[in-house]
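There are two complexes below, and they share subunit A, which is joined by subunit B in the first and by subunit C in the second.
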Partner chain A sequence: MRRRQLMALVRKDLRLELRTRETIVAMVLFAIVMLVILQFGFGTRDDDLTRFVGGLMWVTLAFTAVLGVGRSYVAEREQHVLDGLLASPVPRTVMLGAKAIAIFLYMTAVEVVVIPLVGVFFVKGSYWDAIGWIAIAALLANACIALSGTLFSGLALFTRARDLILPVLFLPALVPVVVAGAGATHAVVGGSPDMSEWRGYCLFLLAYAILFALVSIATYDAVFDD
Partner chain B sequence: MVTARGLVHAYGERRAVDGVDLALAPGERVALAGANGAGKSTLLRLVATLLRAQSGTLEVLGEEIADGARAARAGIGYLAHDPLVYLDLTARQNLELYGDLYGIDDRDARIDDLLDHVGLLGRSEDTVRTFSRGMAQRLALARMLLHRPRLLLLDEPHASLDARGAALLDGELEAARADGRAAIIVTHEVERVARVADRLVVMRAGRVVCDESTDGRDPMAVRRRYEEVA
Partner chain C sequence: MTDGPARVPGQRAAAIWGVLATVLVVVSSIGVFLVAPEDADQGIIQRIFYFHVAIAIASLVAFAVACVAGILQLRTRDERWDDVGEASIRIGLLFSVLVVITGSIWAKASWGTWWVWTDPRLVTYLIVVLIYAAYFVLRSSVEDDRRMRYSAIYAIAGFASVPLSFYSVRVAESFVHPVVFTSSGANMPGSMLWWFVVSQAAMICLFVALLELDLLGRRSERALRRLAMRLESA
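Showing the complex of A and B:
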């Protein structure tokens, strides 16, 4: 039953996104614009920005995540559907899981564009050999972003100043993700990959995702029922 | 089906529901009336488990809501001011979603039956955004009935239903008594609902000020009684 409910909610989010194309398109465009601005902001095209590439990528992805997470309950809020979901016998943790899966997929779609673009914009040396390792770290980071983002967007949903409150709550929670994501990227880009450093950052991301999963499961009922 | 004792819910300092006692037996249909701000919709949302009471006890369909809200939700059908459907999904996709959320075994056959029943089978693949208000509310009626609820909670249902939808709803409420389903109908149209209700409950300032039978009484007499106490 829970699996059926979870799949129904995920399918609903993907159907809405495929029909409206409001969230992923906005996220991808935002990320591209931000990368372009960062490239201009960091100076001439002749400079090799390889050593900054982890930070540039993950700051871009963090702000893009805020945009995507901020839109995660837009359909329920604007079309007044939330009561219908809350009045149904769906465990709140299933709602959490479904939203987290949707955000995970949105972030993955953004990274399919952003990770190669970062190589084109900022890296002169070896990058494409490392792209698989970066992608693995990105998937772990997406789990962190999806779980923490779902929790904070649920908290912000019932506040009046939700557009202000969400970034204020969510961005600080993303700092460890940015640090670990940038560290993992830095470890494998530039020609001499340090796989033990990469592994350490990935384990940290995994632990952070598990921590947020536990916190979310423990608190999500209270977020929606109290 | 519903037993509320000393139910209280406040928004800030203001008590919207202030010590309400209410009991509802199987097959009973209650017209819940009162002026704007009397606490009717808040009481309905408490029974629908969408709000949590700050004090008092509430039992719905045999479940103490403080512990078993999820089990009770499986047997509640809730019709609100808004249709509670996604505008960018089709009528069928919306019902499929709710069918899965409620774990309905014969989902697809049930959806076809209900879409036919509410006159939307021909528009089942159209997005709700293309529907008129009355059509969307008829879809909401199908959504409410989809999981065969034992308790119907209706918030001013006649206000947004078209004539066809209102007739369907009245038919459902007539059938409810025979099926043993109970209903609470929040309304301003007292004489209309009096035709299908067994009891009139009137709220004022968060309290129940009248709770009496309407059986066999002329709807206009029920209306006059409401105006006396409201």
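Showing the complex of A and C:
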């Protein structure tokens, strides 16, 4: 029963996105613009930015995540979908899971573009051998972003100036994800991969995702308890 | 019937904790600056450690109290737990800012620079300050029951972020920070440890005293509001 409810809600989010193509297209464009701005912001004419590649990638992904997470409840809020959902017998944890899966998929779609593009734009040495390891770290980071993002976007939903509140709440909580994501990227990019360091960062991301899953499950009922 | 002076619950507790905190802060200040031995390597600047580390631990205690208050608020929906949570985070945030300032002073004296990104504890505390500063932004943008619930949820999520921030920064950077407490015990002689314990007790008592005073202020305000309403309706 719960699985059917979960899949129905995920399908609802994906169908809405496939029809409008509002969120993912905006996220991808935003990420590309961020990469270009960061390149110029570094003020270097050096084509090889391997030293900074983790930072460039994960700062871009963190800000893109804020954008995507902020958009994730727009339909629920503006078209009163949330009223119907809250009146229906769908457990809040199912709503949490569905929204987290949707954000996870949005982020994955963005990374399909961003991760190769970072290699093309900034790395002149060894990058493509490591792309699989970066992708695994990115999937774990997506789980962290999805779980914490769902909780914080739920909190920001009914606040005044919610567009301002979400980044203020969400970005400090994302700092560990950026640190670990950038660390995992640097561990495998640049010629001599350090797999034990990569593994450490991935385990950290897994621990973050588990901890935020527990916190979200324990508190999500109270977010919509009106 | 004659009424005595109006008393608000908690006055006695606030007074006791206030006196205890004052005595301990005075004793620890005298001990730290006049009695404790000087560190052979770092000299007088090492004395800041007695306050820096003690305030850091007290701030974590404050955030833990706020987290527990958040859990109890969500379970009971009692306004008093919201008061405890907000007051604890207010004091914890003040302590965290002091940790960053004292750490920065220590960094200037030890390494010649006000800020060291390779010092994981200092960087972590900056993140902690940002996490808990956002708590007040959230509170100011919602009202009434929702404010209490959201604050409680954020206090719990914020406390979950603290160990993650600590660990992530440690994984990323090399250690330049002096490590005082290791798994094999305290990395200092007995006389220093003694004054550190006194400083730590002083800071914990200071937290409790400030918390009691804050709660007393809120109770007094509510009592005054009730009195004003009664007078208006009379």
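Assume the second predicted complex is superposed on the first by the 222 of 226 C-alpha atoms of A that agree within 3 Å, B and C clash if a C-alpha of one lies under 4 Å from a C-alpha of the other, contacts with A are read in each partner's own complex, and residues count from 1 in each chain.
Just so it is clear, contacts are C-beta pairs under 8 Å (C-beta built on N, C-alpha and C of every residue); 3 or more make two chains touch, one makes a residue touch a chain.
Being a predicted model, the structure only gives us computed values, none of them experimental.
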item: Subunit C versus subunit B on the shared subunit A, clash or fit after superposition; value: fit
item: Partner chain in contact with A:91 - subunit B first, subunit C second, else both or neither; value: first
item: Centroid geometry (CA): angle subunit B/subunit A/subunit C, rounded to a multiple of 10 degrees; value: 90
item: Partner chain(s) touched by A:79 [first = subunit B, second = subunit C, both, neither]; value: first
item: Partner chain(s) touched by A:8 [first = subunit B, second = subunit C, both, neither]; value: first
item: Contacts of A:136 with subunit B and subunit C, given as first, second, both or neither; value: neither
item: First, second, both or neither for A:159, with subunit B first and subunit C second; value: second
item: Partner chain in contact with A:225 - subunit B first, subunit C second, else both or neither; value: both
item: First, second, both or neither for A:204, with subunit B first and subunit C second; value: second
item: Which superposed partner A:175 touches (first subunit B, second subunit C, both, neither); value: second
item: Where subunit B and subunit C come nearest after superposition, their Cα distance in Å; value: 6
item: Contact residues common to both interfaces of subunit A (with subunit B and with subunit C); value: 225-226
item: Touching residues on subunit C, where the partner in the complex is subunit A; value: 74, 127, 130-131, 134, 137-138, 141-142, 146, 149-150, 152-154, 156-157, 160-161, 164-165, 167-169, 171-172
item: Of subunit B, residues touching subunit A in the complex; value: 48-50, 52, 69-71, 73-74, 76, 78, 80, 82, 84-89, 93, 96-98, 100-103, 127, 143
item: Footprint of subunit B on subunit A - complex, ascending; value: 1, 4-5, 7-9, 11-12, 15-16, 19-20, 75, 79-81, 83-91, 225-226
item: Contact set on subunit A toward subunit C in their complex; value: 148, 151-152, 155, 158-162, 165, 168-169, 172-173, 175-176, 179-180, 183, 200-201, 204, 207-208, 211-212, 215, 218-219, 222-223, 225-226
